[in-house]
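What follows is a pair of complexes built around subunit A, which joins subunit B in one and subunit C in the other.
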Partner chain A sequence: MAVSSPEGQGQFPLPKILTYPSSTPPTLITQGAEGRVYKTTHLDPSRPCILKYRPPKPYRHAILDARLTKERITAEAHVLARCAREGVPVPAVYATDPRAGWMMIEYIDGVPVRQAINEFLGKRPETDQEKVAAEETDNVPLIELLRRIGATVGGLHGTGNVHGDLTTSNMMLRPFSTTIAAEGSKARMVEGDVVLIDFGLATQSSSEEDRAVDLYVLERAFASTHPRAEKLFQHVLDAYEKSFKKAGAALAKLEDVRRRGRKKSMLG
Partner chain B sequence: MALEKIQLDLVAPGQEILVAFFRDVSASASELLQKQLFARNPAFEYAFIDATSIISRAHLLSAVFNAVNAAATDSLRTPNVHSEIVISLGPNNNISDAYRRWGIQAGKTSNLIVVKVLPTTSSESDPSSPIPSSPEQVWAHLKEHLQGATATPLTDDELSKTTDWAAKIRKYYKLNGVPALDAIKDEVAKRKEMERMVIMAMALREL
Partner chain C sequence: MSTGTVGRKSTSRYFPPSFLKYFKRKLKWSLKKEAQSSAVTPPSAPVPPLSTGSSLTKIEVKNKHNNSFTTTTPRTHFDTADSPKMTSSNPSQKKRRIALGCEGSANKLGIGIISHDITTGEATVLSNIRDTFVSPPGTGFLPKDTAAHHRAFFVRVAKTALSTAGIPISEIDCICYTKGPGMGAPLTSVAIGARTLSLLWNKPLVGVNHCVGHIEMGRTITGADNPVVLYVSGGNTQVIAYAEQRYRIFGEALDIAVGNCLDRFARTLEISNDPAPGYNIEQLAKQGGRILLDLPYAVKGMDCSFSGILTRADELALMMKQGKKGPDGEPFTPADLCFSLQETIFAMLVEITERAMAHVGSNQVLIVGGVGCNERLQEMMGAMAAERGGSVYATDERFCIDNGIMIAHAGLLAYETGFETPLEESTCTQRFRTDEVFVKWRD
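The block that comes next holds the complex of A and B.
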């Protein structure tokens, strides 16, 4: 999907800011329903960044559209700032232009947690009854990663925010500044800090209900993305429980949410 | 010439960003520059910044980028791009606060950063005009009014020598008692994290 020049955009016109001269050409990374995500640079090549662009929606009234776009960028930036101050690992915000519909945030090095877990699991023999005993020790690095996930999500909830779309694709595994596991070892694949990304659906909330729904969404996403590690998900919840004061209440609520599903109101 | 031309990524073409860093600025020079600035003398349209409130190039240039982008999108909150650079250094839209904290202070600012954004398109530069319109004229003009000051390369290393962390950076950007910072023991890592938070505070200024 690399774009060699700003003019070389096939499908989408670039946001105006990305048509200006830059040391590295912008690359379209993903596109979602709401917007597009480009990799580019902030100030100079030493500061790689992500530009999240929410283009104007032609089907919405222009004034309403501008207001919604501004509100969403504002909400996302505020959650990121609050997390950063509290020490929850999230990308820094570098610059915003709510009127133009974009926000520049820090580029996080590494691979999505989803990919790291799947690569780790892929190296193992297919589910094999005889290997069950051996698996327990094999899984130690993965379990450690799951515990870091639980602690990070707990850290986020402890700041009074919920993510709204917790999946292992919305977490990056940023390599530790000093690596611990041996080069080429399986443990190396799942080593790193868990950094939460994509706060597009995040909201300020300290309710047990919202926290439980966050966990439930993660649990369901985890089971479908990593079916072979499903039974290990409990380690996420165990670490979560120890990560902030109200975690126990959220976990109790999770039981209710599991019984009834994500939607409480049955509306919408 | 110690005037540096800065090439910033993703800035609209048609303008040059020039910066200079002066140390040992005399009290009379800072008085004169502030007076001309407040009189809105067009010949003295610069962003004059007190270097003790600046951490690094990335800190300064983030403000320049934000201001230049505001100018390019017709969303300046202040009369021109130079005043916008000063207010862009702040975490809120309080203009007089921003000038007091990041701007030049008569008789007090002895470490001075100057930023000039020069249009490149309109220059059939008239040598008799009092308004500098080329990098050479800007440099000559600055040197004339900053006699005795030491032109210094604008590097992170030089900037870090004058940064006032306790009384300025930590206070102006409300970094005291921030859990993420208190958790870091290593002083170098802590300062890097403070720079990150400062740039973030500036990015959220208008939200």
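The block that comes next holds the complex of A and C.
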């Protein structure tokens, strides 16, 4: 029996690799969608890194579970390595053990983009979407972040890979090395480089369809996560369009994918 | 988990604590049900077939009703007058509001009557009658036949709902009906029935989104306060969470709905549609489990797709009929196919739900919709939720399969905030997304 306390955290058995001595004890950062994410100094005391562990899923048929875990860790490590080579901002891969279900990657010292956007939006008084779009000047820092997201996703697609699970939870905001905005200002909250993480569902693909689905997933995740900024999403797509040669074709396909999406909620 | 749950007998299923709570409640209802059913005459079971020469059409009557339950969630209401004795005619003396709900977006015709206590918000099911149009094995239900069924049975089901509830018509506050989404012709038939009642009795109409009906009923019955909702039925596959006055869709099927995938596979295998194709697949799957046949696994973030799986499963079914061997060199059976199909598609559903839970930071999950009755799906979801330190909430077939009571309940919640659908706007729509509804009754 692993855990089932109300808090859940902290009571999971550590994966074996983390039971070896290291300068500081590993800490469970989050129980993500698929795995547990630990911060550890296992490799070197001055180099914090992330250990992403995918424990067996008790609900899944054992054969299916083993297949998916292995596939995903391998895919994640491959795509991360390829992205790093091509200059897409992603954490570096340090080590993997697909059969044991873990991967060790670079620690990104920042917050998830979801959190940054929500903090930024949270500072304004309760307001409706129209107003968010109307007060354009207030939104400049947010819009700039959205443009960086679009450009980064375009960069990824340009390397012939798709992410498979684009949400604002799967992007980290790494503070610029020299900050621009004033200390404590709202703009500071959304400042930083967008670093893509969580490539477990990523695949090698240059098809317009796959790229469009990637964008569609992001568009909907964005709308449901940040309903108040939904109207600003177009800025992501605008920046995406300029980011690589085939972007226009993917955006045209996005229209198709959206239409399919609307059509399908037909039956009760 | 102490052991793998795959392939275990249903008697030794693992359930998280919330399940026990749920079963206790269920027991309470069934006791009440027994107590009441002795006093009420169930509607006469045999019903003549449709007048058109559809001799293949089997129509069954289900009498699931008299289920009382309570909630502790307080709700806001217009007036809080509480008089010791209820007099139905004087509105200021009212102790409860009552709605009649009509559902017919797919092959179930359901009419239910619910009451909400004005002071406590406690909901009580007064009646919940359903009549299902069952098509022969190997076929699906066609809109035209389904609509004819709903028209033919509307009056009978309505009368039974009224007599079971045992309330005078004067006590009913509003008539709720499913506005959409669903199949056009059946929706329209039932809307006409609802309008007729509204004009006949001079009661306001309330158009209800079918999906919101499922969600509100599920929340009330299970007591799940703010869960991530997995809505799985013949026409819909959605992962939903509430935020800022709307049920927002985080993930959904990119092509066919999960129930549709199961139903169509049942047709391939020519499994009976009685009581429901999905139910029969579930029973067959319980006999399988010797092998897991390889099917595509198609998850994209919080979305998923089922058409590729269906294609592959159909291919495997054809191979089976031709006597070809499975991966272990042994022939495989329909039970193996059903088992593999369920294991694969339910793992996908649990995975996208888990992703949404991590994304919104919730550890409650509520399963609604017809596929939500599947015990294997509930079990898998329970194991996932337990790992996250949370729990799964599900209802049984009376509430997760389409029914009139959920329409009455969601409609009454809207009505209590001042919402009504004027007669001239009481249309239906095949497409009506869950997030189009402004949810005024929640904070």
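Convention: the second predicted complex is superposed on the first by the 222 of 268 C-alpha atoms of A that agree within 3 Å, B and C clash if a C-alpha of one lies under 4 Å from a C-alpha of the other, contacts with A are read in each partner's own complex, and residues count from 1 in each chain.
As a working rule, contacts are C-beta pairs under 8 Å (C-beta built on N, C-alpha and C of every residue); 3 or more make two chains touch, one makes a residue touch a chain.
Fair warning: this is a prediction, and the values are worked out from it, not measured in the lab.
Novice: Please work out whether A:I73 is in contact with subunit B alone, subunit C alone, both, or neither, and reply first, second, both or neither.
Specialist: A:I73 contacts subunit B only, not subunit C.
Novice: One more residue to check, A:V140. First (subunit B), second (subunit C), both or neither?
Specialist: Neither partner.
Novice: Who does A:L18 touch here: subunit B (first), subunit C (second), both, or neither?
Specialist: First partner only.
Novice: Quick check for you: in the superposed arrangement, does A:A252 touch first (subunit B), second (subunit C), both or neither?
Specialist: Neither partner.
Novice: Thinking of the overlay built on chain A, is A:P58 touched by subunit B (first), by subunit C (second), by both, or by neither?
Specialist: second
Novice: For A:T40, is the partner it touches subunit B (first), subunit C (second), both, or none of the two (neither)?
Specialist: A:T40 contacts subunit B only, not subunit C.
Novice: Using the superposition described at the top, determine whether subunit B or subunit C touches more residues of subunit A.
Specialist: C
Novice: So in the superposed three-chain picture, is A:A100 touching just subunit B, just subunit C, both, or none of them (first/second/both/neither)?
Specialist: first
Novice: When the two structures are overlaid on chain A, which partner does A:R85 contact: first (subunit B), second (subunit C), both, or neither?
Specialist: first
Novice: Can you pull the subunit A residues that subunit B and subunit C both touch?
Specialist: Residues common to the subunit A contacts of subunit C and of subunit B do not exist here, since the sets are disjoint.
Novice: Mind listing the subunit B positions that touch subunit A in their complex?
Specialist: My answer: residues 7-13, 58, 61-62, 65-66, 69, 73, 75, 178-180, 183, 196-197, 199-201, 203-204, 206-207.
Novice: Which bits of subunit A are touching subunit C when the two form their complex?
Specialist: Subunit A reaches subunit C through residues 1-9, 30-34, 57-64, 68, 114, 164-167, 169, 201, 213, 217, 220-221, 223-225, 227-228, 257, 260-268.
Novice: In the complex formed with subunit A, which residues of subunit C make contact?
Specialist: The contact residues of subunit C facing subunit A are 1-2, 4-6, 16, 105-106, 178, 180-183, 187, 210-211, 233-236, 238, 241, 243-244, 246, 248-250, 252-257, 260, 292, 297, 299-303, 343-344, 347, 350-351, 354-355, 357-360, 363, 379-384, 386-390, 402, 430-435.
Novice: With touch defined as at the start, can you tell me which subunit A residues reach subunit B in the complex?
Specialist: Of all residues in subunit A, those touching subunit B are 17-18, 20-24, 40-45, 47, 73-74, 77-78, 80-81, 84-87, 92-100, 104, 106.
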